[in-house]
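Both of the next two complexes hold subunit A, though its partner changes from subunit B to subunit C.
After this line comes the complex of A and B, so read on.
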């Protein structure tokens, strides 16, 4: 047992006190650095989310000083109580589901072979990558307007079909004016704009694969398609999951393409949930539908959450 | 103690100086309506019409010369962006002094919600007499309007008799424009408008037979309610007469759209199906007008305000034949006439900093001089009655449009009358049904009638 002299004990106590002060000072500095971000999150994140949730239980047109509380009526009206609104929701949900299934599937079906082809190209790879990435760089409102011109009755697609003897496939009302082609056409445009990112993701995934693995498979006599199916595809599964999730997220929340190109028409044949929420917010003049729009937003959030949980579970099972 | 007192004094002195300066400044910008000598009086105004912004800016220059009050005009388009910008500005205190808003609903909603001031004391009897008779009470929140409103409407908390806007522009919907050269090419008389709905269909048949791709009818059906509001309603009104027409919307739908007479009106409308221009359902209102201006259709339906837009897009009014949607030969009213309704109004915002100057600007804009100056530049009919000066103030083309505003009052179609509709009336719902009836042809007139009754029942239920 060591005996400390008074001097040593004093020195240790002083050192301990100064260490504690330093620790506190360092903690305070950390807190000070984090505080602006936390305050911003509380204001822009927590406050807006809480306010949005509260609004879903009220009626408001954005002008009146007070909200009118209606409880869960907005949710019930959307789900079944208002026959017109509920029918609108069901129709939009059906279209959204079609987009949710078709866009990720088609994106994967096009982006994966494209990435494999790009990965195997030796020369001009950078040029090809730029070309395929172009839709992503240019995508936006202006491009959707350009698509509209291409797809209208006298647009380039109809002209091309007529010029090449495929006039029977041309759409006299335009591809967006025919109820049976409007939604599939929008799905094609969505796939067109989502393929570049998916290709880039697959390309980075392909470049991360150990070259010895496909090489070993080839040495064992596997054909390229077998290598793709049994070696490359399983290794790219996490990337596929990410692409599918991104596609589903876009389908649930996206409305810009639908707003610019068809506004949900003709006759509601391309209406989706995101557009319906936008319409309830901003296309109802001064009707008190902001609460309905908010309730629909929360229903979409619940659907997205559910899908994410299912997806996470599936991914775990695959691993 | 002395030190503390001294510090207090040092702090208070500048505050008192600032307060005195503020009081003096407030005194200078009093509510006299007179220009301040050497003072800077600048008003701000928002409009949702781009074609009005330029005309208003030109008129503002004249107003500034006369009064010394400057006005900065800003166009916020399209309509939904305007509404959302006003919503945001109302929350952040960033509203301008004056707003040009839709009459007959938007102005009252904004007023009842506290965004616009009550200006009934400013709008004197002499001021009202300047306006077209059918527009004078537009902008006033009536007892009837409050009683009809849903229980949770902001109208319920507002006092009757308040005026939230002064009518600025007026006009009518359901005006058909036709290219004279296309009529001539189809063997039709380019100067004679069709007398009946059936004549109109025959004319459409002739022009589409002559040119199947560019001889049809243009209308921006992407905004689905245009067909219902601008064609169906005037047509059904003339076919059924006012009372029976109102009964289509009535609660309970005993004589609603699915009734035999209702279905007849829908059948009349559905006869348009072969004659829509290709892709009409993909076009917005402006896009359809542009397509018509480019010669992609023989006919175009809009309102009196459409003339201005067509002229902006290079069509001379002299090249056009203009007429209201004609009545059916088998209907009650054999001649169609329209009551001019206030289309837009001018409102004073609750946060206007210089009330006197803002009221003076609104007063000047609705005087013959101001209204004429704006109308001539924007080619939009004013709500101000220009009387004998009309032609000299707004030009012959615009003055000629006023001929549609004559006719027997009982038979006149008044689009401003919404007393028979549910208070939460949503035009898009019947509009979507009409698009499915024509041009899509997905519903028969009977099915469309049933769908319309269902939509009305839902809106009546919301009204309570």
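After this line comes the complex of A and C, so read on.
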């Protein structure tokens, strides 16, 4: 076998030395391998991105044959020029900001202790991990409807509160029907669905830590909580950063929970930016809001990019 | 020593407590799916007083969830197949072949990760209306496949790079072309990464709601999430049927997860570290 390959190899090099023909054919092979991906990308990626960007500078309702070019008016209208739209945007941005801060914070606050506990137990670890992971794999409309069901006025959560003597906390209109509890309730649901991945990441981070380090600290007389604070937590910082980054991205991009569970209601009290863009895109009938929707989409893109860059810069500074 | 025992007890208590939180909506989903119409209206406890399979069977057949199930299976299957074929070939090229614009193309695919879905959604719908595929299953599969590009290309390119280059040289010398080398050397070695990509594609596709909702208008083409949505849009939703339908959506995903758990876990950790 090795003799044969050796002989083949010499023959091949002799033939290949003759010219660039082989290099050309290998380049063509490369192009042929990426061709389907690139074709799809040109159609579904480049074309849609370009046309979406163009549309953000026009007015259109999706039915008339022509777009009316308006320059940057859509962006200005959204940001301040149109009092109704700008107020709607500001309210949605405020809610988005609350989600962006609260969800990563609460997720870290729950997932880290959970991962530490999970890492410390020997038995049942696999079982707990599987159970914790369910909210992630099932994320979607089915689970959100289940949440809606338990949060109904006569739903399980109110039932539980009344049965345990916490009836004063129960919500007679349902947790999603009360303007002051709708957004916090949705934040809880979002935290519930983002804890699985965060716990998993922390667990893998904890398992990658050299077990001698915490042990050495403990031998030097450090209490367990000090070990956690001064040894483990700094070592897990990159993972915390990843979780926060994911949370921020989801807060800006994600709005499915809001669409399925409240549609931004009651009375806009749980409206977020993504949902506003979706509404401008698909729920406005013949009104010319598609350009506005595109512009809002690009504002979201810019915000996400900016936050990612700031975050990367901060991370580098910390390191 | 007793201090560490208390700590362990506390750890178990905390873990069990959160396990309940994690399972909470699922418990009520199962409970609701086994209640009949009268009992669901009365509310009542977690354990149904007169558990019945009738709600599930009527949702499955009378409310056409069997048809929606087949549609979902078709869309998910085609999407996974498309992703595996298209991006596996491309990733092989990115990882081992040399061609003009290789780096630029690779980063173009990956940078798509930063474009929010909502920014793409409207132009995709407009484009599909022009092409006449809006509302068809093809009109769902194409953007779904394209949407997985960033993560898939990252994961598969990394897995192909991990294959030792000597194997390719040796196969070359035996006279194998690149397609042959890809199929018989690289693909088998990178199989775990492909399974990971398949499960990480299948689950979100199965649950997809935003594009499906604005494109599917013909009930005979509904996927499961849209079928479920049509149940709740009536004035007074019958929560036992809604929960039965939800259970039908969730069960296959849970089964897939239980069988292929390690691929989910490796994939997520790998994707976020990459």
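The working rule: the second predicted complex is superposed on the first by the 301 of 319 C-alpha atoms of A that agree within 3 Å, B and C clash if a C-alpha of one lies under 4 Å from a C-alpha of the other, contacts with A are read in each partner's own complex, and residues count from 1 in each chain.
One rule holds for everything that comes next: a residue touches a chain if its C-beta (ideal position, glycine included) is under 8 Å from a C-beta of that chain, and two chains touch if they have at least 3 such contacts.
Every value quoted in this text rests on a predicted model; they were computed, and no experiment measured them.
Engineer: Check the residue A:59 against both partner chains and state whether it touches subunit B (first), subunit C (second), both, or neither.
Structural biologist: The answer is first: A:59 touches subunit B but not subunit C.
Engineer: Scan A:282 for contacts with subunit B and subunit C and give back first, second, both or neither.
Structural biologist: Both partners, subunit B and subunit C.
Engineer: Could you say whether A:298 touches subunit B, subunit C, both of them, or neither, answering first, second, both or neither?
Structural biologist: Second partner only, subunit C.
Engineer: Name the contact category of A:114: first (subunit B only), second (subunit C only), both, or neither.
Structural biologist: second
Engineer: Can A:266 be said to touch subunit B (first), subunit C (second), both, or neither?
Structural biologist: first
Engineer: Name the chain, either subunit B or subunit C, that contacts more residues of subunit A.
Structural biologist: Ranking subunit B and subunit C by residues of subunit A touched puts C first.
Engineer: Which subunit A residues contact subunit B in one complex and subunit C in the other?
Structural biologist: Dual-contact residues (subunit A): 62, 152, 154, 282.
Engineer: Where on subunit B does subunit A make contact in their complex?
Structural biologist: It comes out as residues 80, 83-84, 86-87, 90-91, 105-106, 109-110, 112-115, 152-154, 213, 221-224, 278-282, 284, 296, 424, 426, 428-429, 432, 435-436, 439-440, 442, 454-455, 458, 461-462.
Engineer: Across the complex, what residues on subunit C touch subunit A?
Structural biologist: Result: residues 7-8, 11-12, 14-15, 18-19, 21-26, 28-29, 32, 43, 45-46, 85-87, 89-90, 92-94, 97-100, 102, 105, 108-109, 112, 114-127, 142-143, 145-146, 149, 153, 170, 172-175, 177-178, 182, 203-204, 206-210, 214, 225, 228-229, 232, 239, 242-243, 245-247, 249-250, 253-254, 256-258, 261, 264-265, 268-269, 272 of subunit C touch subunit A.
Engineer: Which positions of subunit A touch subunit C when the two form their complex?
Structural biologist: Interface residues on the subunit A side: 4-5, 8-9, 12, 26-31, 33-34, 36-38, 40-41, 43-45, 47-49, 51-52, 55, 62, 110, 113-114, 117-118, 120-121, 124, 128, 130-135, 137-143, 145-147, 149-150, 152, 154-156, 159, 192, 195-197, 200-201, 204, 224, 242, 246, 252-253, 255-256, 259-260, 274, 277-278, 281-282, 290, 293-294, 297-298, 300-301, 304-305, 308.
Engineer: Which residues, counting only subunit A, touch subunit B once they are in their complex?
Structural biologist: Against subunit B, the touching part of subunit A is residues 59, 61-65, 68, 70, 82-85, 148, 152-154, 172-174, 176-177, 179, 262-263, 265-268, 279, 282-288.
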